[in-house]
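Same chain, two partners: chain A is paired with chain B first, then with chain C.
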Partner chain A sequence: MSEVLLSVEGVRKYFPVGGGWFAAREHVRAVDGVDLVIAPGETLGLVGESGCGKSTLGRVILRLIEADAGRIVFEGRDLRELGRTEMRNARRHAQIIFQDPYASLNPRMTIGEAIGEGPRVHGLLEGEALDARVAELLETVGLRPDHAGRYPHEFSGGQRQRVGIARALALEPSLIIADEPVSSLDVSIQAQILNLLLDLQERFGIAYLFISHDLRVVHHLCDRVAVMYLGRIVELAPSAELYDQTQHPYTEALLSAVPVPEPGGGRERIVLKGDVPSPIHPPSGCPFHPRCPRAEDRCSREEPALREVGAGHLSACHLAPF
Partner chain B sequence: MIRYTAARLLQAIPVLLVVATVTFALLRLLPGGPFDREKALPPVILANIEARYHLDEPVARQYARYLAGLVRGDFGPSYKYPGRDVADILRDSFPVSIQLGAAALVLAMLLGVGAGLAAGMRAGTLQDRAIIGLTLLGISVPSFVLGAALVLGVALRFGWPPAGLWESPAYALLPALTLAAFPTAYIAQLTRTSVIEVAGRDFVRTARAKGVSEARVRWVHVLRNALLAVVTYFGPLLAMLLTGSFVVEQIFAIPGMGRFFVTAVTNRDYPLVMGVTLVYAALIVLSNLAVDLVYGWLDPRIRLAGDES
Partner chain C sequence: MSEPVLSVRGLRTTFSTDAGVLPAVDGVDLELHAGETLCVVGESGCGKSVTALSILRLLPEPPASIEAGEVIFDGCNLLELSNAELRKIRGSRIAMVFQEPMTSLNPVFSVGSQIDEALKIHTDLTRQGRRERVEELLTLVGIPAPAERYRDYPHQLSGGMRQRVMIAMALSCEPAVLIADEPTTALDVTIQAQILELLASLQERFHMAVLLITHDLGVVAETANRVAVLYAGRVVETGTVYEIFGAPRHPYTVGLMKAMPGRSVGHRAPLHVIPGVVPDLRDRPEGCSFRERCPRADAVCAEMDPELEAWGAESAVACHHPYVDERPAGEGG
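Let's turn to the complex of A and B:
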């Protein structure tokens, strides 16, 4: 991979929990040393079950949550070292689409105002030029330009998510972090929004970090996929390869849970034992070993590193390649 | 909008009629009459007085007579202040109460919202805690204590502002402050909670992600959404300030309506009680209407049906 748009190196985010008179303050290890690289125009999928830290990672990258450690190099600059004003300027090029299209729009702003606010506060456009841009954006995402004066409550969920996308596009970003952009929508609407995202990528060359827990969606959309478990990346591979030549038992289990639309077809279901361990006290060694069907002795002692097990295929399993 | 306002004003008529009826009935149910004295009046004199005020008629007749008067804008005579009309008394005292209430309202809104923002925007800091402490004080200290303290500690010690009566704007200072203390503290807490709540909402995060400056996030995205809670309180507050000034008017010897309200009840001055109650009821109806109109203006989701704009 020659060009790099975003490079995340050793990023960590621990949230403090508890800490009373008698209890010591502990930490949830939401993101525990993550490395990622995204090339311009690429789509990197980030999957994992609820609570694995994928949304936190997305927000940490944009500094909506401050990381505790690590480097976030975007377009050649470490975002964590930027001052307020520089960071605000950097936000022009990296935008985010949120999961909840209802809550992420200000109820007292027309959608035209919400979409136009980005270009306006960055001093890019104003007056008629801004109105024209808003109309153009609405058209781009498949909404009627004359709806700019309406308020968010007048739209359906899918329409609001389109507004959210138009809002993110307004600043012509080179990277969009899509944080489960379709998981609160109907399946039929999901497909529309996903196709819209693909279409926009083709037209504007935007790179996506696509956060999801839906493996089918990720497979359909992404060039490469990273699998996250307990705040760490356990496997990262080109999309097709991840599905065909899985090199981590956790990914195997996830894939076996994907419903297959053929009776009798599909893989053998791997049912994991137990619950996700507490991210406050992650297990020793490999964090997955208590639930892993392949676990060996050393898995509970030695922490596996994320290493290359095939061309561009990384796995954090002692036993890989299988 | 105009149609809506007119409709709401029409709806006020039955409300006021119910208020008048209930008040009338309750007054007649109270034991004692307007002309009971420690030393009973001679029966002949009492009968004469009662005949003069039509109190010897059946109650239903008296009620009809009163309503007929109201329609003509006649609130009847005061029993306690012979020679003065109730309308007359209201004309003198109502503006005073309104001025006092309005002064307290402005004070409470400015100080309360200001303090609430100062606390809520910096939640958890020393500044926040200091303001919370002050609001607790404002809510807990009753107005007769605060009023007396202000008279003693400020007016009598420094000779300014004046400790009583109602002659120039300076006379409104201490009573308005006393009256505003509770609502100020309440509004401050309301604003603080609401600011903190809104600041945690998703769309505020969206605004930050757009690269909107922190100042704009606060003043445009947070403030406008947070103020709705305060507007909700505006109606009850208005009513409370206008009707609740009795204690304050007493402490500062202010010739307002609150004073007449209570003395009129103890004196069984039927027409005066009726008059004051109706004025208060009308005020509350109007303030509720005002709040609903402000609501629609602040929150596009509550825009009235049929008001396509």
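Let's turn to the complex of A and C:
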């Protein structure tokens, strides 16, 4: 890839759990050595099940949670080395939208104030210019400019997500981390928001890190997709290739578990046994081996590295390519 | 077709709110036959959960009030039974599984004792007999080491395991009807696949009728025999799963199908959108409640509310201008 907007190298985040006078302190390995690259204007999907570390990774990139190790190079600068003021400036170009827009909007702030907050605190706009910008942003996300004086509770879920998007757009970001932005919305509303995200990307050339558990949505929206399991990336490939030429048994199982909206048209399903193992004591060797239908002897001993198995197609499986 | 095990006719459930009376369910008819799965599908606020809760009268009254209709099960109208009579049916003949198992399990009792409670109320088994039955049920729903899990508390189990416990509890008295309200919505896809597979195998084994409530059309396609699509508190279309997915007739059903990513549009192409939002049910517009979002609406739709009319042997649609082109050949109108 020629141009790089964001590059994440060996990022690790462990959360301490337990520990007391007698018990030893242990760690949840939420993000355990992740490498990623996002090009300008690209959409990279990040999928995985609950607890795989995908949301933590999104937050670590913006330093909403501090990483324990690794480099996060955004627009040429390592974010982890920036001071407070510099970091605040860097964040102007990297924004985040959340799953539940209701929980992320201040209920006592009008949506106009919420959307204008970014430009205001950065000292970019004030007074009438700020009001005009807010009106423009509301229109951009498909809301009426005269709604600026209303409060979050006066809006539906889909409209609140539009407010969240307008707020993220206010500082003209080059990267938006979208953490499950349509997961709490109904299908018809979900389609509206996905169309809006696609349209904004086309107009402003924004790159997305699209975090989701919904493989159908990710397949539709993303250029490339990374699959996470127990804090690590196990497969990364161009969207179509990930779905057609899967090179990791976990991705295979995940894809086959998605219900197909065609009656009688279901593929052969791989039903995984058991639950995801504890991220406090991940299994030895390949973290997926206890649930893997293809596992061999060495999978429980040797940890597979994420390596190239095709053009731009990475897999962390000893057996790939299949 | 055989006599239905459960039939809901003209159900109307309202809620009194500060801003007026809200008819969440407004004239719903459903029929559920032995051994089949009927999926009730619709978006938030369409009345699908309220329908399910009304069947067993599990809604707090007030604010809820079941104003009209009947729910016929085993020859009697559940809506006319006394609380004591209804309690004999709830959990034994008709059981229910909810979306979030953590909120439906009691955190201060072990899961074994909670399954035991249902058996204590509805059966004459001895203490020892019940203990054996609980362990048998836990094994049946795929929980390993049931004797040890019996003593576990809900917080010690994962989401998937908790939902298995809920299913074990629901099946404890071998019900004729299982109502499952979004049973896999809170679970990850791989766990969802496990639970759906479990439900299907148990349904076959006990020949249960399942009323499955979901918003996920993928889940509908994989589990349903028949489908009822709800919109704004009413059934707008019913049919076999093949009809609903293959030749949907109501513009709302058609819109829902098209709004799903990956069905009809290319990679990164704009998805089909149903414009607007669901109308406020407190102030239902004249005529068809879908007309303001409908591409086919005309003057008739503004004047007359369409009735749910039978179409062929097993389907029905409530629309003045249904899609008829895709109608399977050889079927009467």
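Following the convention adopted for this analysis, the second predicted complex is superposed on the first by the 321 of 322 C-alpha atoms of A that agree within 3 Å, B and C clash if a C-alpha of one lies under 4 Å from a C-alpha of the other, contacts with A are read in each partner's own complex, and residues count from 1 in each chain.
The rule we apply is simple: a residue touches a chain if its C-beta (ideal position, glycine included) is under 8 Å from a C-beta of that chain, and two chains touch if they have at least 3 such contacts.
Note that this is a predicted model, so its numbers are computed, not measured.
Trainee: Using the overlay on chain A, decide if chain B and chain C clash or can fit next to each other.
Mentor: Once both complexes are aligned on chain A, chain B and chain C fit side by side.
Trainee: Is A:187 in contact with chain B, with chain C, with both, or with neither (first, second, both, neither)?
Mentor: second
Trainee: Under the stated touch criterion, name the partner, chain B or chain C, that contacts more residues in chain A.
Mentor: Of chain B and chain C, C contacts more residues of chain A.
Trainee: Classify the contacts of A:156 with the two partner chains as first (chain B alone), second (chain C alone), both, or neither.
Mentor: second
Trainee: What is the contact status of A:254 with respect to chain B (first) and chain C (second): first, second, both, or neither?
Mentor: So A:254 only meets chain C here.
Trainee: Based on the superposed arrangement, let me know which partner A:198 touches: chain B (first), chain C (second), both, or neither?
Mentor: second
Trainee: Once the structures are superposed on A, label A:213 by its partner contacts, choosing first (chain B), second (chain C), both or neither.
Mentor: The answer is second: A:213 touches chain C but not chain B.
Trainee: When the two structures are overlaid on chain A, which partner does A:117 contact: first (chain B), second (chain C), both, or neither?
Mentor: first
Trainee: Shortest C-alpha to C-alpha distance from chain B to chain C once the two structures are superposed, in angstrom?
Mentor: Superposition on chain A places chain B and chain C at a least C-alpha distance of 11 Å.
Trainee: In the superposed view, which residues of chain A touch chain B and also chain C?
Mentor: Touching chain B in the first complex and chain C in the second, no residue of chain A appears in both lists.
Trainee: Under the definition above, what is the set of chain B residues touching chain A in their complex?
Mentor: 201-203, 205-214, 216, 221, 224-225, 298-301
Trainee: Going by the contact rule at the top, pick out the chain A residues touching chain C in the complex.
Mentor: 49-50, 156-158, 186-192, 194-195, 198-199, 213, 215-217, 219-221, 239-240, 253-254, 256-266, 269, 271-272, 275-276
Trainee: Using the touch definition from the top, list the residues of chain C that touch chain A in their complex.
Mentor: Listed in rising order, the residues of chain C that touch chain A are 43-44, 158-161, 188-194, 196-197, 215-222, 224, 241-242, 245-246, 255-257, 259-263, 265, 267-268, 270-274, 277.
Trainee: Within the complex, which stretch of chain A touches chain B?
Mentor: Within the complex, chain A contacts chain B at residues 62, 64, 84, 88-89, 91-92, 95-96, 98, 100, 103-108, 110, 117-118, 121-122, 151, 153, 164, 167, 171.
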